[in-house]
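Two complexes are shown next, each including chain A; its partner changes from chain B in the first to chain C in the second.
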Partner chain A sequence: MKRQFDADLDDLRGRLLRMGSLCEEMVHYAVKVVVERDESHVDAVQGWEREVNSMHIEIDEIALRLIALHQPAAGDLRLLAAAIKINSDLERIGDQAVNIAETGVYLCKEPKIKLGDIPRMVEVAAGMLKDSLDAFARGDTELAREVIKRDDEEDRLKSQTFNELVHLMQRDASSIQRGMDIILIARNLERIADHATNIAEDVIFMVIGKDIRHSVEKI
Partner chain B sequence: MKRQFDADLDDLRGRLLRMGSLCEEMVHYAVKVVVERDESHVDAVQGWEREVNSMHIEIDEIALRLIALHQPAAGDLRLLAAAIKINSDLERIGDQAVNIAETGVYLCKEPKIKLGDIPRMVEVAAGMLKDSLDAFARGDTELAREVIKRDDEEDRLKSQTFNELVHLMQRDASSIQRGMDIILIARNLERIADHATNIAEDVIFMVIGKDIRHSVEKI
Partner chain C sequence: MTTTMDMRPMPLPAETTASKDAAEAKIAMSVRNLKAGYAGGAPVLKGVNLEIREKTVTAIIGPSGCGKSTLIRCLNRMHEAIPGATADGEILIGGRNALELDPVVLRRAVGMVFQRPNPFPTMSIAQNVAAGLTLNGVHDRAILAEAVEKSLRRAALWDEVKDKLDAPGVGLSGGQQQRLCIARALAVEPAILLLDEPCSALDPIATGRIEELLIQIKEQLTVVIVTHNMQQAARVSEYTVFMLMGEMVEYGLTRKMFTQPVDKRTEDYITGRFG
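Presenting the complex of A and B:
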């Protein structure tokens, strides 16, 4: 029974990591639509979203079934609780990627516009997502803390992008609709970084059993 | 033991509903900052956020402790899982309210600007939040389905507000910064309606044990 339970937990962890990899791909290709102005990627992103959505439901089901069947305590229960939360953060990252790709499709049809710090924001957010998933896979709290620290950088880049685009819009009224869209994409990327931060916080809780959310002394 | 467990579940439900009421107040007063141009409410909103944040951690702790102690099955386990998810949606609603209030403080210092459909968006989002919490309190799946239906109306109002503000910004460059802020507030309200939709979906799962998220036939 115990051996079976361990195998089931490994299977769950594997599913969550596969879902995470899909979300990484989604972010990667969504951004290609915007930066490379190549709308051909939007179908792939939307297709992956359907996959991510069914994984979302499956993983919740499995986690609840394991809790009901095996009545886990301490560390195993914390892993299952973390799985349920990380599952919901990943699903929302997928939604953000779809938003980015769909806004990108509109932008492909319009004249090129300044992207502000979007390319750097993508790097930071995608890096945070990757590292938060690695931290989950390895139970690595050091890496999780690293991820949490990087969220401030993303917020700074977002504010910079906002300011830059607002100035552009003020100088050139024809850029307003597109400028708005870039600002909304910056918001989407900021949200992805927030979800990666949530995942990192859940990893820390899972490993050391301490809830560090909302604490001033995060690090 | 069973009687104690039932009392503990009632206590948890009560805490979640108190947290929900606080979030309702936060949304209500955050919007007052914007609509009534009265920045005096921002302190209250920020104070409630600190309360909501500690309830967020407490409720998660209690739900996990109850799962570990009582090894609940079926309906009770679904209630506990729903509590963990609703808890996280409420916390994020609190964050959105803080964003609205803080953007509102900036707007109070600037000349008045058109609010588009913001007042109606507030009504819809606040109504959805209230009814999703009532549905949770009473296990009312009919009301939960009602809430889910109303999300489309909120999306429609958001798009209308976007368009109206973009046109204003195109006519009057001095309105760009403020117009952007109204658009971001519309986004915050849309997110609050999304979280209320999540809560309603969790209520349906809790009561009937069926996951209706991502299904085309939601209603």
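Presenting the complex of A and C:
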């Protein structure tokens, strides 16, 4: 029997995925500002952020209304719990993208600086975000586990970038402001990967009801 | 019909009292391969196995016709009061098979409250509560008064009726009448209290009071409740039994069953996909 509630849950799922796509776009164009030194993208990123923020509120409202009206249980309840958490993670990803773009605007006005492993970090974080959303859309726990495994790689790249930039700043005091900005961007990307990891953990909980957060043997 | 069973104060058979001290004394009632039916009809219970934990609330849920009311009525042998009804298997209470005990003796230990509140119409509030005791020869006024107050307090009704104990029980509101019936059942100090959809005729506020009451009284006795309201099962019980077509599909911790049911049929039922 197809319930109206199923249609409501499908609609909620669709809204989250649309919000996720916007966040992917935001990350993609925010990084362009830094890597391609093209500050023209910053307006688009900021515009999408406003959209993401309004979706953040809207999705929470819908999820709370569905909980109040339908008093869901089991898989339906887990989906709604996951949706509320994923919603927050996506909103935070949007914020990180704005931070990257705005830092990038400053860097565009300054002489070029070494980016360290930033391009590779972008690749890993964006891939994790995309795959965590695919895992959510398909209820694919294997893909979610893959996403979680990749977080260590992002952490390693961030540390590598930190070290590289610290050495550069030690050698050249004029690079300190720009070097700090690159470190901040590395930190932003690492946080995006962390949020993608959270989404993947929520997908696993949503599908099989197992909470693997803070677990030693996550995978 | 609202009935509280035979109510002469009486402990459970000796084996249960003894086993209460044992570390493993957590099972109030074991149902083994219970089959039940009605004259000329298909079997309603098809071999149910179940262990009811002591001093917990166990909810029995399932769609209409699944056998949940038959199951709870078997537990104190109300089922066989219906002409032609059959019950076979074991219901172990304190190591003894309830199906082989004297039903009168059994029902003193296993009280029951039904769907519609039905105080004895000719009796006052106090007389209703004391009915089980007086029927069993307790006539000392002080003892009866003490039992009435204690039972009404346990049923969270005392404050509302303490100034009108001599008023007719049927003059109370529906929710109060149901708590009066619970007080009447508690007065004879049963070890197990069975409730067959006790809130189905009550408004949400009265239902909330009964639910709070159940959560409180489980400290002292074992409660088994049949309910159509799954949120009620989720709110009041520690364990839930899901019945379907005369079989027990799933039994386990309520908090787990309502978030991670094991069986797809349970998931489909509690999420409203059938039933």
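FYI, the second predicted complex is superposed on the first by the 217 of 219 C-alpha atoms of A that agree within 3 Å, B and C clash if a C-alpha of one lies under 4 Å from a C-alpha of the other, contacts with A are read in each partner's own complex, and residues count from 1 in each chain.
Following the convention adopted for this analysis, a residue touches a chain if its C-beta (ideal position, glycine included) is under 8 Å from a C-beta of that chain, and two chains touch if they have at least 3 such contacts.
Keep in mind the model is a prediction, meaning the values are calculated, not measured.
Specify the partner with more touching residues on chain A, choosing between chain B and chain C.
Between chain B and chain C, the winner on chain A residue contacts is B.
May I ask you to decide whether A:5 touches chain B, chain C, both, or neither, giving the answer as first, second, both or neither?
In the superposition, A:5 contacts chain C only.
State whether A:57 touches chain B only (first), chain C only (second), both chains, or neither.
A:57 contacts chain B only, not chain C.
Return first, second, both or neither, reflecting whether A:84 touches chain B, chain C, both chains, or no partner chain.
The first partner, chain B, only.
Touch test for A:169: chain B only (first), chain C only (second), both, or neither?
First partner only, chain B.
Which partner chains sit in contact with A:67 here, chain B, chain C, both or neither? Use first/second/both/neither.
Touch partner of A:67: chain B, not chain C.
Check the residue A:108 against both partner chains and state whether it touches chain B (first), chain C (second), both, or neither.
Neither: A:108 stays clear of chain B and chain C.
Look at A:75 in the shared chain and tell me whether it touches chain B only, chain C only, both, or neither; answer first, second, both or neither.
The second partner, chain C, only.
Going by the contact definition given at the top, which residues of chain A touch chain B in one complex and chain C in the other?
The answer is residues 71-74, 77-78 of chain A.
What does chain A use to touch chain C in their complex?
Its residues touching chain C are 1, 3, 5, 70-78, 208-209.
Spell out the part of chain C that touches chain A in their complex, as residue ranges.
Per the touch definition, chain C meets chain A at residues 230-231, 234, 258-261, 266-267, 270-274.
Please output the residues of chain B touching chain A within their complex, sorted ascending.
Where chain B meets chain A, its residues are 53-54, 56-57, 60-61, 64, 67-68, 71-74, 77-78, 81, 84-85, 88, 162, 166, 169-170, 173, 176-177, 180, 183-184, 187, 211, 213-214.
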